[in-house]
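In the two assemblies presented below, subunit A is common to both, partnered first by subunit B and then by subunit C.
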Partner chain A sequence: MIDVDNLGLRQGAFQLHGISMHVPRGKYAILMGKTGCGKTTILEAIAGLRRFTTGKIVLNGRDVTHATPAERNLGYVPQDGALFTTMTVRENLAFALTIRSRPTKQIDERVAQLADWLRVTHLLDRRAVGLSGGETQRIALGRALANHPPVLLMDEPLSSLDEETRERMIELLKELPRQAEVTVLHITHSQAEADRLGDIVFRLHEGRIITEPLAA
Partner chain B sequence: MKEWRYYLCLSLLGGSYVVLIVAMVGADLFFTTSESFFSTLREPDTRYAINLTLISCSVTAILSLWVGVPMGYLLARTQFWGKTIVDTILDIPIILPPLILGLSLLILFNQTQIGVWFQEHLFRVQFEIPAVILAQFSVSAAFAVRTMRITFEQTSPRTEQVALTLGCTRSQAFWRVVLPEAWRGVMTAGTLAWARSLGEFGPILIFAGATPMRTEVLSTTVWLRFNSADLPGAVAVSIFMILVGVAVLILARLLGLRGTGVV
Partner chain C sequence: MTWVLVRKLLRDIRVAWLIAAVLLFLFQLLWSRITSRVTQEILPAMQALGMQLPLLQAILMGRDALGQLVQSIIGGESIALDRPADMLSIAYVHPLVLTILCIWALGRAANAIAGEIDRGTLELLLAQPIRRTQVILAHLSVDAIVFPFLAAVMWTGTYFGTSWMGLQELEMGRIDPTRFLPALLSVLGLLFSVSGVTMVMSALGRSRARVWGGAMSLFLGMFLTNVLGQMWPDQLGWLRPFTIFYHYQPQLIIKTADWYAHGNIWFHLGVLYGVGAAGYALAWLGFCERDLPAPL
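Let's look at the complex of A and B:
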C-alpha cells in the first residue's frame, strides 16, 4: 500500500502542493503528467531521495516520512535503469541480498529465480554494460525486486524501448502484482501504457493531483 | 575549403606543440651519452634523490587522493554553505606561483605560533623530509581535488540513489557503487598528483631546501647540477625523470582502463 498525504515541496521556482495519493495493496498505479511537472520528484520523495517540506508518506502501513531510503524497503527502477556497470548482471540482481549478508544459497536461488522469470539467465556472468534497453530494464526490475519489497516505484521504465521490446515488457509488468506480490507506482507519459497496466491512474497538473483514481 | 586542407590546418596548428615536446626530449637524448647517463645515476647523491623522489611522490599521491576523493565528492554531489568560497580556496594552489606556496609554508611553520609549536612539540618539518612531502602535497592535492570533482560530476548520481533504495547506508553506497564507478578518475587523479609531485621544485627548494643526502629530490638535483655547471649530469637526471614520468602515465592509463572492457 502507498499512502501519500498532502505532500508539498519547493525547489527554487518549482513547487508542488497538496499531493495526495492512495494506492491499495497489490494494485498497479500509474502517475501521468507533462514533462517537468514533477512526477519524478514525487517518486523520489516517496523513495526518500528528495526532501519535502510538508506531508506524510506511509508505505505498507508504516509511516516512513522521516525514514532513510534503505529503511523504506521498496524497489526503485529509474528511467535509465542505472545498472551498476562495474558489476556483473548476477551481482546486480544479488545486490540487495548481498548488502544484507543473506546466505549464499539463498542469494543464488533468488537470482536464478529472477533471471529465469526475466529471461536474462544467459547474461548472468556478463558485465552490466553494453546491454540493450530491454535487457537493462529487465535487470533493473529484477534488482529492485530481489529482496521482495512490498512497494515498487518505476520512473518511465518503458520510455526508451522500441515498440517490440516495450510490448514484451508490458506483458512482463502485467504479471508483476501477482508474481511479486507488490504494490506498484509507475510513471509514464503514455496513455496506452496507462490503459493497459493501470488499475488506478493519477494525473499531475500544475503541481497538483487533479484527477482522482479513475477506477479502484 | 577542401576537407584535407581543413584537417591539415588543424594538424599544423595542434601538431606544432607535439613537435616542440618531441624536439625538446630529442635534444636531451642527443645531448647525453649512455656512459654519462648511467654514471650520473650510479652516484650516491643521485641514487638517494631517486629513492626520496619515488617515495615522496607516492606518499604525496596517496595523501592527495585521501583529501581529493572526499572533497571532490562533496563539491560535485552536495550543496553546502560556503561552497563557492571553498571552491575558490582550492584554486589558490593552482593559480599561485609554486614559489609563493613554498614561501607561505615557510612562514606558516617558521613564523606563526602554531607552526613553531608544531615543530617544537610534534616533529620537525622545515628542511626535513616531511617538508618535501608537504611542499609537493600543497600543490598536487589541488589537482587531485579538481580531477575527482570532474569525475563525480560526470558519473550519474542515479546509481548511488538506487543503491540507497536497495538497502545501502551512505557509506556502503559510496564504497560499493560510487567509488568503483569513479575508479578511472581515481587513477587519473593519483597519476596527476604523482606526476605533479615529480616536477615540483619551487616550494621544495624554499621549504625543504636542497641538502644532498637529506632533502634532495630529482628536480632539485637538476637545479644543483645545472648551478655547478654539470650540464651533462643535469640532462641525465632530466632524462631519467622523463622516463619515470612517462612510465607512470602509461601504467596508470593501463590500470585505469582495466575492467572497463577496453584493456
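Let's look at the complex of A and C:
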C-alpha cells in the first residue's frame, strides 16, 4: 500500500502542493502528467531521495516520512534501466541480495526464477552492456524485484522502447502484481500505457493532483 | 556490506586503474633510461666537447626566465644534472607524472557520486540497505587500496628501471632505490588531496562532466599559480602555499637523508593529507544532507 498525504515541496520556482494519493495493496497505479510537471519529483520523494516541506508518506502501513531510502524497502526502476555496466546480468539481478549477504544458494535460486520469468536466462553471464532496450528494462525490473519489495516505483520504464518491445513489456508488467505480489506506482505520460496497465490513474498538472483516482 | 560496495567500485575502475598503473610504471622505466643516457653519455660527451657542467647547469637552471621555468617544472635548484639520483628524482615531479596522478584521482572522485547520479545508479544503490555514510566510506576505502598500489607501482618502476639501467652500481653515485620509498608519502598525499577536493564537488554535483571540468580548472589553476610563483617569486610567490603542488615535495624527501627529522617536510605532508581529509569530511556532510535528483 502507498499512502501519500498532503505532500508539498518547493524548488526554486517549481512547487508541488497538497499531493495526496492512495494505492491499495497489490494494485497497479499510474501517475500521469506532462514532462516537467513533477512526476519524477514525487517518485523521488516517495523513494526518500528528495526532501519535502510538508506531508506524510506511509508504505504498507508504516510511516516512512523520515526514513532513509533503504528503510523504505522498495524497488526502483529508473527511466533507462541504469544497469551496473561493469557487472554481468546475473550480478545485476543478484545485487540486492548480494549486498544483504544472502546465502549463495538462495541468490542463485532467486536469480534463476527471475531470469526465467523475464526470459533473460540466455543473457545471465553476459556483461550488462550492449543490451537492447527491452532486455535492459526487463533486467532492471528483475533487479528491483529480487528482494521481494512490497512496493515498486517505476519512472517511465517504457518511454525509450520501440512499439513492439513496449507491447511485450506491457504484457510482462500486467503480470506484476500477481507474480511479485507488489504494489506498483508507474510514471508515464502515455495514455495508452495508463489504459492498459492502471488499476488506478492519477493525473498531475502544474504541481497538483487534479484528478482523483479514476477507478479502483 | 561496505565491502560488497568496495568490490563493485573497484570493479568499476579496474580498466582505468590498470592503465594508470602501467603508464606510471613505464614512465619510471623510461626516466631511468633517460637518467642513464644523460648522466653517462650525454653529459660526458658535452664535457668532452668543452661545455662544462656548471655552464650547462647555469643555462638550464639559472636565475633567468628559462632556468626558473625549468626549475619550476623539474624541481628545486639543488638538483644537479650529473647526479643520477637527482636526475631520477625528477620522475616524481615531472608534469607527465603529475598529470597521470591528478587525472586518475580527479577522474575517480568525479565519477564517485556525480558519475553515479549521471548514470542513474545512485538511487539504486541507496534503495539498498546502504547508508550515505557507507557510500563515502566505501570510496575512502577504494582510495586506501588504489593509491598505495599506484604509488607502489611507481616505486617498482624506479626499482626495475635503476636495476636494468645499471644505475644501482654506478661508481659516480650509486642509486639506492629505497631512498625513493619515503617520497611515496608525498605521492599518496597528492593523490589524497586531489581526490578529497574533487570528492566535495562530486558529492554536491549532479553531472560528472561538470565536476570534471570544475576540478580540472581548479588544479590546473593551482599548477600554473605554483609555476608562475616560482618564476616571479616577488610578485606571486606568496600565492604558492595556497596550491597543493607547493606542498608536493617528493624531491625534498628523496634528497634529505634524515627527512623525518625535518619539520617543514611534515608540514607539507600534513597540508596534503589535511586537505584530503577535509575534502572527504565536507563531501560526507554535503552528501548526507543533499537531495538526489534524477539524472540530467
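Assume the second predicted complex is superposed on the first by the 216 of 216 C-alpha atoms of A that agree within 3 Å, B and C clash if a C-alpha of one lies under 4 Å from a C-alpha of the other, contacts with A are read in each partner's own complex, and residues count from 1 in each chain.
FYI, contacts are C-beta pairs under 8 Å (C-beta built on N, C-alpha and C of every residue); 3 or more make two chains touch, one makes a residue touch a chain.
All figures in this text were calculated on a predicted structure; none of them were measured in a lab.
Superposition of the two structures on subunit A leads subunit B and subunit C into a clash. Of the two partner chains placed by superposition, only subunit B is touched by A:Val129; subunit C is not. Contact with subunit C, but none with subunit B, is seen for A:Arg51 once the two complexes are overlaid on the shared chain. Touch criterion met: A:Thr68 reaches subunit B and subunit C at once. Contact with both subunit B and subunit C is seen for A:Ala96 once the two complexes are overlaid on the shared chain. In the superposed model, A:Tyr76 lies in contact with both subunit B and subunit C.
Touch criterion not met for A:Arg119: it reaches neither subunit B nor subunit C.
Of the two partner chains placed around the shared chain by superposition, subunit B and subunit C are both touched by A:Thr86. Of the two partner chains placed by superposition, A:Lys34 touches none, neither subunit B nor subunit C.
Annotation: subunit A residues 44, 47-49, 68-70, 72, 74-76, 78, 80, 82, 84, 86, 95-96, 99-100, 143 touch subunit B in one complex and subunit C in the other. Contact residues on subunit B toward subunit A in their complex (touch as defined above): 156, 158-159, 161-169, 172, 176-177, 180-181, 183, 259, 261.
Contacts from subunit A toward subunit B in the complex involve residues 44, 47-49, 68-70, 72, 74-76, 78, 80, 82-86, 95-96, 99-100, 127, 129-130, 140, 143-144, 146-147. Those residues of subunit A lying in contact with subunit C across their complex are 40, 44, 47-51, 68-70, 72, 74-76, 78-80, 82, 84, 86-87, 95-96, 98-101, 143, 155. Subunit C contributes residues 1, 4-5, 8, 11-12, 14, 119-121, 123-124, 126-131, 291-295 to its touches with subunit A in the complex.
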